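Chain IDs A, B, C and D follow the sequence of writing; residue 1 opens each chain.
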């Protein structure tokens, strides 16, 4: 029994710092690196890849909407063609930077509103899958289990990784509860660890209405943008390992 | 005796159109494609690469300062590290897009103020050469003959292409006269053709003070942002060929 | 019987030109000036206000989403608070520039996707009305007749102007047909003139399904972003005047 | 004997936090609020003005170069016309937002590279003075004592405030030592307080070469972007008051 741990990193921008990248890298196995559209800049990207390399963490692209002031969290009606092109642009930019650090890309995980929209909109999902397939069909595509995004990846012949969120509440239909809802982000470390272990072992989680839902978990997302996120990620990793679950990169499982 | 003809293309952005890309492509052998920082966007980049492919024109990256409203024409005090990183980012992004169209990158030509600063500032020139070497040492670096930029390319072991401007006035020291100076851009087609032929045949041009200066010419830049630029480029190409000069891609000469 | 003619102007950006501002100014009575978020920049704004002044055309703010590459035409899930703040920012910026040219602002017309969303979303409509009321309750708010936007303006105590589009197809519910639909933009000058006259005289227009719908018209929008828009606007103005309709600024009617 | 204390605030942007605005507001009398070009966004601007109001702190505009990723710290060759227009845009935008909070603008202080360039370049200095005079000749212009910027303000008939930096090293010619030089930022609180007191009382400070230089001080800048800046600013204020110097807004002195 094994699992990958991923986190969104490299979300600083220019003079602004964000996240606990150093602390997170010690616990995770896959880093989703922002590509300059919703966060990150070329220099932050290079530093983040170098940091991942030092920690032996696999690197993936984390492309988002071109919405810096909104941090890529606002849904936008971009066309599939636009999405395909700007995902390709961002993935390519990171791949080039990573290659100069001797790091191949492992995966692609869309960010924020782009992720959410692509999980339910087949045309956007296909657009993302097309961009990845055209650039490098060896990349792994992340998405919610059962989502349009993962199905688009499978249709395109990509390896896909079903992603779960141990610190986010789930709706009964398996989608993530909106960040605007109270209780949508779980802060209690013990609950997060318990949810993580159960997700991997049983493929289950309790939804907002109290029902238990099933979900496949290839990778667990750990958030890095809160003060205690370094600690929390360490506890999740320790808790998983204490429960006999091996934390290992995706490439060894998929 | 042969020469390459290059032009800056793909400088539209979003809803804004710029340039005579269709017309220019018919005459040139190398296209410098804007990469989204001073002009261009992911969709424009893709369309421009596809257009180059249809015309059998080689594709190069045209990275610029992150200054959209200034079109990358305003000098900026960016550090060598910043320049290295954002050149790498832009070149990588275009290379990825081009690869999905089945087009390898041939060269890199810095844009506007970045080009001008790197032609005289050794640290910026080295930064650009480092970015290219790290990403793909097979790329050809464009620059003014005798400039710091070309020397940096040679130090880094890159192939370099000395670029001349048939429609721009030269200072006696071999630098380009500032665009703000009256007469710095030559509009008379006959003069432009004559200068082009003489530059290739004799390696000479008459400077602003009337003196004749020597310069090496591997490639001639044709501007595409003026109304008659399609015509002018055709006349330059025809004029060169009429003078017995072969117009051919750089890869056959360097 | 009288009517105002408005057009979206000042949509150039940096080195990119857009629109037929000079030609349009000769026919219209109200200019909606882009404020730098979807188009326009501080220098374009100043030049556009100066041009309006020379033509005796009233100036209004044309705020849009912060989406330059999408030209403000992509719907975005911005919160009412964000919308209130960025509308206030844009209106203030233009008002300051206009004041230095001796031009008071007359009105505010939201741009593109912001306009469309605010016409049907009461919270966004109220946010726009709040921004205007707080800044200057003497400004006139433009919107589709019967829309949430106009109702929000009225609730806030603002003067509102019902805007019609003589060159755009209408759905039976009075909304504009999407630009993506074939036939949504009417190019035939005679049809446009006839529709304009009927809209003012009878308050009616034929919708996409052939039915006739009623609408109030205080101002007609003329588009300036097509090649023949200068001609078309002149024909509309001439046609209206030939039909005995006075073309006059809003301040004399509302 | 009295002095104004100012600080650069409102430099958060979107999801990114920067500075110790709450802590600083308790000690200062003038807040320089970023206007969205190098930092700040419409919502941050509104919150910063509201915070200043609660603390009884006067509000000024802090316009910068359009260089978000470089935080406005990179010198740029913008033309005087561009500078005039974008300063006017930024000052107007903040003035509008501040007016809706019932706060008039008190002053304008250029940011970073724009400040530095305008302090030594007469044309840029005049451009800034023109923008302010055109918008509101009652605004106070900040600048280094003896700089082109202050002289431009005086030529334009503006009230000007000579600004000193208690935590920055000075060159013998009265300019600020570059941030890249070691020792250019003074972190020792006691030294900063002593320098502040001596600047106000004697109009003198020790320069990098050990010589003592004279400077006029109407306002002291306190930096807010370092972890202990809240404490430091409190100590400076307390130290000044203990030395019998009244800390009071500029409007009571100039």
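The working rule: contacts are C-beta pairs under 8 Å (C-beta built on N, C-alpha and C of every residue); 3 or more make two chains touch, one makes a residue touch a chain.
Everything quoted here is computed from the prediction, not taken from an experiment.
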| item | value |
| --- | --- |
| Touching both chain A and chain D (chains) | B, C |
| B-D or C-D, whichever has more C-beta pairs in contact | C-D |
| Distance between the centres, which are taken as Cα means, of chain D and chain C, whole angstrom | 39 |
| Chain D, residues touching no fewer than two other chains | 41, 69-70, 82 |
| Touch list for chain D against partner chain B, complex | 66-67, 69-70, 74-78, 82, 113 |
| Residues of chain B that touch chain A when the two form their complex | 36, 41-43, 45-46, 81-82, 85-86, 88-97, 99-100, 131, 134-135 |
| Partner chain B, residues of chain C touching it in the complex | 12-18, 39, 41, 68-71, 73 |
